[in-house]
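Here come two complexes built around chain A, the first alongside chain B, the second alongside chain C.
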Partner chain A sequence: MLSIENLSVVIRRPGRQVAALNDITFAVRPGEVVGLVGESGGGKSMVARAIVGLLPDGSHATGRVVFDDADVLGMDEVALAAHRGRGVAICFQNPRGALSPTRTVGRQLVDRLVTHQNMPVDRAREAARELFEAVGIRSPQRRLDAYPHELSGGMAQRVMISLATGCAPGLLIADEPTTGLDVTLTREILRQFRHAADTDGRGVLLISHDLASIAEVCDRVVVLYAGTVVESGPAAQVLREPAHPYTRALLRSVPDVGGRPVVATAGAMPLLTRAPQNCPFVARCGHADDTCAARRPTTEPLAGGPDGWSLACFHPQAGPIGAEPEPVRAIPAADPAVGPQAKSTVLEIDDAHVVYRSRFGSGGHHALRGVSLRVAAGETLGVVGESGCGKSTLAKLVMGLVSPTSGAVTVAGHSLVRQPGRAHLRGRALRQARTRAQLVFQDPIGSLSPRRTVADSIAEPLRAAGLSAAERAARVAAVLDRMELDRSILQRYPHELSGGQAQRVGIARALVGEPDLIVFDEPTSALDVTVQAQILTVISEVTADKDRAAVFISHDLATVRGFADRVVVLYLGRIVEEGPVDVVFDHPRHPYTMALLASAPRLGGGTGAGGDAVELVKDLEEADATTGCPLAARCPFVTDTCRTQQQHLQPYGASRAACWRAPELAALTGKQATTP
Partner chain B sequence: MRILRFVVRRLLQLIPVLLGVVVLTFLLVRVLPGDPVRTILGQNATEADAAAARARFGLDQPLWRQFLDYLRGLVTGDFGTSIQSGGSVGAEMALRVGPTLELVVIAVTIALVAATVLGVWSARRANRPGDHGIRVLALIGNSVPDFWLGLVLVLVGYSVLGWFPAPSGRVDPDTNLTPLTGADLIDAVLTGNGPAIASAAAYLVLPVLTLVVGVVAPLLRSVRASALEVLRSEPYAAAEAHGLPRRTLLYGYLLRATLVRLPSLAALVFGTAIGSTVLVEYVYSWQGFGQWALRGLLYRDYPVVQASVLMIALCYVVVFLVADVVHAILDPRVRI
Partner chain C sequence: MADLRTAGPAGATDQGVAADAGGTRDGRFARVLITTGAAILTVVVVAAVFAPLLSSWGETVIDPASTLAAPGGGHLLGTDGNGMDIWSRVLYAARLDLGIAVAAVALAVVAGTLLGLVAGYRGGWLDDVLMRVVDIFQAFPTFILALAVAALLGNGTLNLVLTIAAVNAPAYARLVRAEVRTLRELPFVDAAVTSGASTAGILWRHLLPNSLTPVRVIAPLNCGWAMLTLAGLSFLGLGVSIPAAEWGAMISLGAADVVGGRWWTSVPPGLALLVCVLGFSLLGEGLQERADAKRR
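Moving on, here comes the complex of A and B:
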């Protein structure tokens, strides 16, 4: 259906030239899901743009993009208008940003139906309701009149999918459809695309930087690096035994819930100005030799591989990844032998509640409902949960940015905000106390002031502490070395930094004041996979400091497993399970933890020790916690007791879980109920 | 329903604001140099005459007493007696507000429509000759002083072409229009007076045009900027990539998103237009509110100044309230 032949795109702008795509060839057949993977900057989005004929200004394309026997590159305006939507429809990366904010989502879908399926408006509205239902939107009639800002991330992505399928396209392109979604939603959304291919016979092109998470639903994958196809083949085989060193590096840099160490690949993707004469991966490749540096490998079928597996490499690898002792640094798994109990307590939270009151009148959002935590010096605590579970509120609470409605929070012996019934510091003493806890933010570039140089940003906590200029410079230099950043970066501004550099600067800023506690709030979720691996290496090194405590917040279970000592699972503002990281991940006790682990992508397709897939039956937003266990509405093991009785943390072996059925669950997971 | 509650709440907030205005203007006019009694009595009046006049207008009372009397009057709807004319300020103002509001409302409405149409058209042809032409014209219009433009329009429209009536008054007296609201066009429509409608409309053309040219530029610039922003935004690109037809794109995805930011600016422009009418009214002998307020200020006619400032403040607050409501209707993300 879609066949891209020798597509090259060069973007010429005054003063610079970028070879965005070089000699790309691949095809998508009807009913097939093809994954297009690679780091950002690899040209994935450019391929999508070329397919719909929306290349940026100043770009010059050669080759052919054949869709249903017509070359998209040669189409005129009229042909393009028909091709867009009806021929190819894109699901955009950021669904909430790509939906028009001033039009109800129902109207937006009706627009597409009327345009492409020639329906009258009233029929289209009926069809829109059915489409909403088909993509798993509950109470679709009501959602038709919702505006995009009233939808959650997952819901917006479903609407986006319905918009794209509503155009009745032959080919559906999904650009990073699951970025920013948590594990349970990711699976659900990806299943929607598989569904579109299976039932409607559409071709689907899934674009992602995360090979592991999309591989499950793909028939074939195409790996892009620096605008070239380095490997393509059947998804299952490529995922299990990738042959190209880049594919292997890509997979190895993804943390795995199974506890396999992350291996960071040093360096970054080159920005090509012309079509490469050598292997573009040569600088970062562990197997590179002179041939790689001199000639560009041609794309050839893999010897002895299954049909359609081809790659461009002089040194194809074999065997499952992780088996060979690869070079570069591996993150050491946290050493459980270090007993943190003996150390002094740095962070102590005692039965903290946080309620965000609405601006007028009564009501409000109960973000945390009775959380108690203790983190000792030298210990790293992982906090996981779906989005909306109160993770970020917990971070703010620790940092003293919100005050608890009831309960107490102490950092290094001080309370940082006004708390009910407790003395709190003021003025200079408060500022001093606040420097003891530091935060590393989710958005690395956005959390640096755009008008300050890196040097100013890093030295900021020191200036607050009143250090002299010379002392500041020395401390900044020291922390810069530790982050492996070059001195020349000091005079740069945030927009001149890459995501990885910016996050290193963010960590440096948190570290420079030698705080007792560092809170990492999803520090890697905005980064590319290979950069993610590099940052995780840095973080694991920082959290290994003996006299410092760390809290690592993430919706990605695998990253937490890498170096946390203990892990806490949050659900709707409550801790549902906590314990040593290996115990919780290998023997989860709470059904919610089991479900999280089950939906986490796993290389090689094996399931974890947690047992067979436990699946939650509904979306988070539809579960209301009134009485009883907050998970009751979604839990497959729910009984009447769960609906009426509040659950409290109870010790089960080395960990604690808030579920009274925990002991019997192991037996139940095999024959789990399908209806709530 | 929520909007209604919002309006009621804002109207309640209006009370302290207006009270503040009342106190401030009362004090300010009395702090200003100049004596209203001297200006009406002329050069040859004796001290005794002046004292008598002061007693007549209650100006010999202590300040707090005057203020209480003024407040008591306001509550009963009595704005006091004009020192200059000796007439009731409330009655004089009622005659004057209608014509000016008619002028400003029509002018700002036309300016808004023109700015929207031209701004969107301009944005869709960004950096092409048509776009540049419109922007230069708007800039010129904005740079020309109102009174001068008014004079030029009178010269061209009345003296040279003879298409429009002479710049004196608001309606032809021969049409025997019965004044109701003071806004002549509305009165003419209400009384069904055909000739008066035509006459009032003809008289309106030149002053309205003068005001429109003066205020359209900032509106146009704002519409063009937000339309460009929408055109380059992700939602619009997404709608375009899904192959929606141009009409749907324009009305469904561009227009409303573009107009979201306009109401607050329009409210500001409305305020400016009320200010600009003083000169325009002079040029066209409009006998409106601006002229009346200005004369009151020049003669230190305390009750007139107080009443006119209160009136303008009320206009501002109401217009901003309307702008907020319109904004909330246009932008679903706004919570009110």
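Moving on, here comes the complex of A and C:
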């Protein structure tokens, strides 16, 4: 159906030239889901643009993009419009941004059906309802009249899929469709694409940076690096035993819930100005030799591999990843021997509630509902949960950026904000106390003052301590070496930094004042995969420090497993389970934890627990937690007790969980998700 | 389905590639505007500074032999009803006009920015009170307000600066407050708070430099408007008074003579005012254009 042959795209602009795609060849057949993976800048989006005939100004394309026997590159505007209407449809990364905000989603879908399918309006409305049902939208009639801002991210993405499939296109392209969605939703959305391929015989091209998460629904994957196809083949085999060193590096960069260590690959993807004469991965590859530096490998079928598995490499690797020693550094696993009892408590939260009151009228958002926890020096606490569960509020609470509505928060013996019935610091004493806890932000560039140099930003905590300019410069230089950053970065501004550099600067700022506690709020979620691995290596060194406590907040269970000594699972502002990280991950007690683990992708074997996985029955937004257990509306094990009464955290062995049915769950789920 | 409209945003996800597509052309346009505006203003400043060298008569020297003399002869642009040389006075007037306008805008920027910073960052009742005061100021047409304030303060150069600063400051307060309200929600402000920065430090080192971009664009335009306000006040007799040279006052003085066909009394100062305001406008537009091009 779609066949791309030797496609090269060069973008010429005054003063610069970018070789965006170099000799790309692959095909998508009807009923097939093909995954296009690679880091940002690798050319994934450019391929999508070439397929819909939307290459940017100044680009020169050679080769062929054949769709249903016609070359898209040679089409005129009229032919392109028809091609885009019926041939190819795209789902975008940011579904809410792609939907018109002032019209109901039903209206938008109906309009489209009327325009492109020539349906009468009442028939189109009926068809729209069916489409909503087909993509798993519950109560579709009601959703038709919803505006985009009333939909959750997952729901909006479903609407986008229904819009895309509505005109029965032959090929569906999804550009990072699950970025920003939670693990449970990601899985559900990806299944919708598989469904579209299976039931309607469409071809689907899934674009993603995360090989592990999309591999489950893909038939084949194509791996892009610096605008070249480095490896392509059957998804399951490529995922299990990737042959190209880059594919292996990509997979090793991603933490795994099973506890496999993350291995960072140094360096960054080159920005090519002309078609490469050698292997583009040569500078970062552990297996590279003189041949790789001198010649560009051609794409050859893998010897002994199944049909359609080919790669461009002089040194194909074999075997599952992680089996062989690699010439790169690994993150050491967290040391479980550290006893929290022995050390002093750095952070203590006691029954904290946070309610954001709306400015107008009554009501408000109850973000945290009675959270208690403590973290000792040398300990790392992991905090996991879906978006909206109160993770970020917890971070702000710890940092003294929001006050608890009730309850108490103590950081290194001080109260940072006005709290009911407690003394609180002011002036210089408060400013110094604040620097005892430091936050590493999710958005690395946004957390740096745009018009301040890197040197200024890093030195900020030292100002509060009253250090002289010379002392500040010395401390900044020392921490810069620790972050492996070059001195030349000091005079730069945030917009001149890459995401990875900016996050290193953020960590440097957090470290420079030698705080007692560092909070990492999703520190890698805005970064590219191999950069993530590099940053995680840095963080693991930071958290290994025995004098310091750390809180690591993430929606990604696998990442938390790599660092944390203990883990806390948050759901709708409550702690539903807590305990030592290995115990919670290997023997989860709460259905919510089980569901989270089940939907986390695992390398070489689908997702978490296979057939016995616990699945939540509804999306988060449809669950209302008025009385009883907050999970009651979504839990498959729900009883009447759950609906009416809230269970508190109860000890089960080394961990604690808040679930009425925890004692019997192991029997209910048959064999439990045990060792990886 | 994937018609042109929906397919469009695909470009937005493709970082960098489309970012500077239109930038170069707009950038060049901005440069032309800025250069032209700056060149005009340079000429005006040179005229003001070297007025004694460029003119043969003084600012207030009366030539009793020739009143209302036509251009040519001993007087390049003729003389006014008092026998003062128009060319000389147009040049000298640039000192007062430019000086008062720039000083007044500078004062308005400083005062307005300070108010805006504090109101925007603190919020709450302080913000409410300050912004209602700003509302009151902005509820009147600028010129009417200027008339009232000028009448209240009385004549004099300093009072004119204060008057014009007072009517312009509220706009800056509102502008900076809006910027600060957006900026203070960004993570870098939280980062500064958790790094133990004092409130003054956050305002001065983090919020101020980041909120000045629109001020930089508006201020030159505002200088042009300030000049018009000053000329207007002087024209009505509330500003600079004769014999000091000021374009508005000169136009006012010559207005009666223009009716009698003696155009040279009012047209030269009018043209000078026009050129000067044009210079500021071009500069302001250029800066605006450049800021837009950068944002894209």
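Following the convention adopted for this analysis, the second predicted complex is superposed on the first by the 664 of 676 C-alpha atoms of A that agree within 3 Å, B and C clash if a C-alpha of one lies under 4 Å from a C-alpha of the other, contacts with A are read in each partner's own complex, and residues count from 1 in each chain.
We take it that a contact is a pair of C-beta atoms (placed from the backbone, for glycine too) under 8 Å apart; a residue touches a chain by one contact, two chains touch by 3 or more.
Note that the coordinates shown come from a computational prediction; the quantities given were computed from them, not determined experimentally.
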Touched chain A residues, chain B compared with chain C: C
Touched partner set for A:D57, first chain B, second chain C, both or neither: second
Touched partner set for A:S387, first chain B, second chain C, both or neither: neither
Partner chain in contact with A:R103 - chain B first, chain C second, else both or neither: first
Which superposed partner A:T25 touches (first chain B, second chain C, both, neither): neither
First (chain B), second (chain C), both or neither touched by A:S152: neither
Partner chain(s) touched by A:D111 [first = chain B, second = chain C, both, neither]: first
Chain B versus chain C as contact partner of A:T435, first or second or both or neither: second
First, second, both or neither for A:S498, with chain B first and chain C second: neither
Which superposed partner A:L448 touches (first chain B, second chain C, both, neither): second
Touching both chain C and chain B, counted on chain A across the two superposed complexes: 52, 54, 81, 84-86, 89-90, 92, 94, 97-98, 112, 115-116, 163-164, 167
Residue numbers on chain A that touch chain C, as the complex places them: 11, 13-14, 18, 20, 40-41, 45-46, 48-49, 52, 54, 56-58, 81, 84-86, 88-90, 92-94, 97-98, 112, 115-116, 163-164, 166-167, 169, 175-176, 396, 399-401, 430-435, 437-439, 441-443, 446-452, 456-457, 460-461, 463-465, 506, 509, 513
Partner chain A, residues of chain C touching it in the complex: 1-4, 6-18, 20-21, 24, 186-188, 190-198, 201, 205-206, 209-210
Chain B residues touching chain A - in the complex, by the definition given at the top: 234-245, 248, 252-253, 256-257, 260, 330-333
Of chain A, residues touching chain B in the complex: 52, 54, 81-86, 89-90, 92, 94, 97-103, 107-108, 111-112, 114-116, 147, 149, 163-164, 167
